[in-house]
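See below for the structure under consideration.
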Amino acid sequence: MNLLDTLLRCVGTLVAFLVLPLVVGQAEHKVMAHMQGRLGPMYAGGFHGWAQLVADGVKFVQKENVVPAGADRRVFQLAPAVALLPYLLVLLVIPVGPDGMVGQVVDAGIFFVLAVMGIGVLGSLMAGWASANKFSLLGALRTAAQLMSYELPMLLAAASVAMAAGTVSLPGIVDAFHWWWVPWQLIGAFVFFTAGLAELQRPPFDMPVADSEIIFGAYTEYTGLRFALFLLSEYAGIVVLCGLTTVLFLGGWHGPFEDGLGWLWTLVKTFALAFVVLWLRVTYPRLREDQLMRFAWTVLIPLALAQLALTGIIKVAIS
Amino acid sequence: MSTLLAAAGSLEPAARSYLSPTGQEIVFLLVGALVLGAAVVSVTTRQLVHAALWLVVALGGLAVEFLLLTAEFVAWVQVLVYLGSVVVLVLFGLMLTRAPIGRSPEADSGNRPAALAVGAASAATLVTLVVDAFRSSWIDLSGAAGTTRLTGEYLFSHWVLPFEALSVLLLAALVGAIVLSRAKGGSADAKPRAGKLRTGLTKQKER
Amino acid sequence: MEWQPLAADPAAGSGYFDAYAAVGLLAVIGVLFVVVSFTANRLLRPVVDTPEKLLAYECGVDPVGEGWAHTQIRYYVYAFLYVIFAVDAIYLFPWATVFAAAGFGAATLVEMFVFIGFLAVGLLYAWKKGVLEWT
Amino acid sequence: MGIPGSGLAKGLAVTLRTMTRRTVTAQYPDVQPDLPPRTRGVIALLEENCTVCMLCARECPDWCIYIDSHKETLPAADPNARARTRNVLDRFAIDFSLCMYCGICVEVCPFDALFWSPEFEYAETDIRELTHERERLREWMWTVPPPPALDAAAEEPKEIAMARKAADKLAAAAAAEAAAAAEEGGES
């Protein structure tokens, strides 16, 4: 493992980090449009508006950057980076295929991923506080409360998989995967995916950015590129969440012809999950704030604890 | 920590030289300086939320230090618990109590000399203790000694009782937090409810 | 099918540091990416500040009062609950890697159930006290 | 009710089904819309019919019709008669940035000077350009479609019926005269 190899892997991760969220975003444009009987973007790039998000990016870079007069300038300007970078780091360790098709194997695996993703909440809090705006502050508080509440079921569900595999390393988990894990860890998968959706503040869990109540939550005052970075972090979050769910619960690269096409299986599963994310957004209305909190603490956490007990008992029984 | 250091297995004073530091040692010192600087700024800054944010830098730097000592698990616990929740809790508290942007001089209580004395004393105690305890021991950094698996093995072979005691402690903290947050009135009446407001209004009308 | 941690291989003794060096390198690349994009933005964007533009946004009317208001303590309680449960949850990970290994087994399972049981009692207490829901 | 969660599944099914159906989006600039007759696009003015009675301006809920006029004295045709005055239109403008396309002005006009035209592509970059003066309003007249044909069984419009009656009477009188003349000629 030399420096060049590492550098290439890091650059590859950065490219994936910039491309995959765009693919998901474009898919969201089109899927959402068609689910609502519309066409979506049709012009940018010629064929069915495929370059819409590229055009948006070019536009965002040229837009004015407004920092409100009352804001805490430095914190305000730093917040998007704090929200964005954790997802980049996480993307590095998600394995795509067998035999080293991964940015970098980190032995702490899931634990690393969950810890680093937890930093993202600081970005939202910083943004909300530094904006000097009531809606932003309210949004930041809601975001933080929601992220913390839903981080817990995620941790518990991930621990259940770690128990099943006997390791916290992500490639290790996929190596240990058997098809019957899917029914065995079904509750865990549901909890993990749902909690992940809430962590990303995707509808129906988008109360912290509910536009009809608090404008855009913590990101109300943001314009131009900084706003775009928050959006990018949301879509990168979708990629990371779907990739993680694939790796932890759906067997990652396992599938027919996995020797040559393992990476394709991971991508297919990831994008299928991303489609579900978009589908849920189109279908369901937003949960109220108290419903959100209640759902995390009284539904997801007990479910996750039940999954832990189930996993532990079955694992000890078969070993 | 001592368990984890023991896990590294080689605390014997090895024939090492201070004069030819390895790359890890250099990075360790640099990050240490960063942590120290961030910590100092954190306690001296007049802006409350900035103090909390500098605390993030200090704690994150500590996580990197743990990583450099191959205490992988502890490092990510540091990130998850301290950066991801304790600091957020602190920020939350500050925001709930209206931490304004800019300086907040009223937050200075004038106890600076006393605080400085306590801080210096506790720092001196800790430094003496740690230096005395480990003296010239070296941690063998060639292998990852603090992986999750090793931590688990030590925890569940030797430290089960403290582990269980911890759960009682956490339960106590939980109950305490709930009791404190509901202390005023202890019931739903403490909430400013629509009904209550209306009675207040009618009283005003009666006058 | 047992996954071998990288560092357990003596030949790859420095694999641990290599892994985190890569993470560090990626962090540096990420910071560079942010810096480059912000710089490009600075070069390309117009700067036309007007007092109206710099006001806090409150649906078009002039902002009322100041930007900070007291909010419900409930949010804080959730954060507190999370801190406690997170401390609990991290112990699950070292446990998860060893509990099924030889020499641990059922006893460790029971130990963990006792641990989780205590916290489940805490959760039930919070639930019963009505901290987890508000309407 | 049924199984819990069946409602959630039903919702997912609806959106998925919609996705497989044809979209209803009209790709407007590429494909011109198929507008129904009597589309309210823009209001046209046939200023020859306008008598400056001001009914439209007064009835307009948005006050978006501006009319200026002056009185003009016509020299009397007959030396014994008084000189007549009449209103001459100086300005007739509709501010389409205020107009809410209610059509009350078209309804109240007693002299058929205002008409609906289906043209709607008159967006401007400057809001002041949306105030159409009388020349522009007159131009819109060319885009007003002819009134739709009546139903087959519909009653004849009154004015046509009256005109026809008058024409019939004239024709009958002419025919009677011709017949009388022929009779006379035959006798002599």
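By written order: A, B, C and D. Residues from 1 in each chain.
Operating definition for what follows: a contact is a pair of C-beta atoms (placed from the backbone, for glycine too) under 8 Å apart; a residue touches a chain by one contact, two chains touch by 3 or more.
Values in this document were obtained by computation on a predicted structure and should not be read as measured data.
Compared on C-beta pairs in contact, A-D and B-C come out with B-C as the pair having more.
When you average the Cα atoms of each chain and compare centres, the chain farthest from chain B turns out to be D. Chain A and chain D, compared by their mean Cα positions, are separated by 58 Å.
As a whole-number value, the distance joining the C-alpha centres of chain C and chain D reads 66 Å. Averaging C-alpha coordinates per chain places the centre of chain B 77 Å away from that of chain D.
One finds 14 Å separating the Cα centroids of chain B and chain C. Shared interface positions of chain A, i.e. residues touching 2 or more other chains, are given as 70, 107, 111, 132, 137, 141, 144, 148, 151, 167-168. Chain B has residues 72-73, 77, 80, 84-85, 88, 92, 95-96, 99, 101, 144, 147-149 in contact with two or more other chains. The set of chain C residues that touch two or more partner chains comprises 5-7, 15-16, 20, 67-69, 71, 74-75, 79, 81-82, 86, 90, 93, 95-99, 126. Applying the touch definition to all chain combinations yields A-B, A-C, A-D, B-C.
Contact residues of chain A toward chain D in the complex are 31, 33-39, 42, 279-280, 282-284. Across the interface of their complex, chain A is touched by residues 47, 49-50, 53, 56, 72-73, 76-77, 79-80, 83-85, 87-88, 91-92, 95-96, 99, 101-102, 144, 147-149 of chain B.
Of all the residues in chain B, the ones that touch chain C in their complex are 24, 67, 70, 72-73, 77, 80-81, 84-86, 88-89, 92-93, 95-101, 141-144, 147-149, 151-153, 155-157, 160, 163-164, 166-168, 170-171, 173-175, 177-178, 181-182, 188. Residues 1, 6-7, 9-11, 13-14, 61-70, 80-81, 84-85, 88-89, 92-93, 103-107, 110-111, 131-138, 141-142, 144-145, 148-149, 151-152, 155-156, 159-160, 162-163, 165-169, 171-173, 175-176, 215, 220-221, 224-225, 229, 290, 293-294, 297-298, 301-302, 305, 308-309, 312-313, 315-316, 319 of chain A touch chain C in their complex. Partner chain B is touched in their complex by these residues of chain C: 5-8, 10, 13-17, 20, 66-71, 73-77, 79-84, 86-88, 90-91, 93-99, 103-104, 108, 111, 114-115, 118-119, 121-122, 125-126, 129-131.
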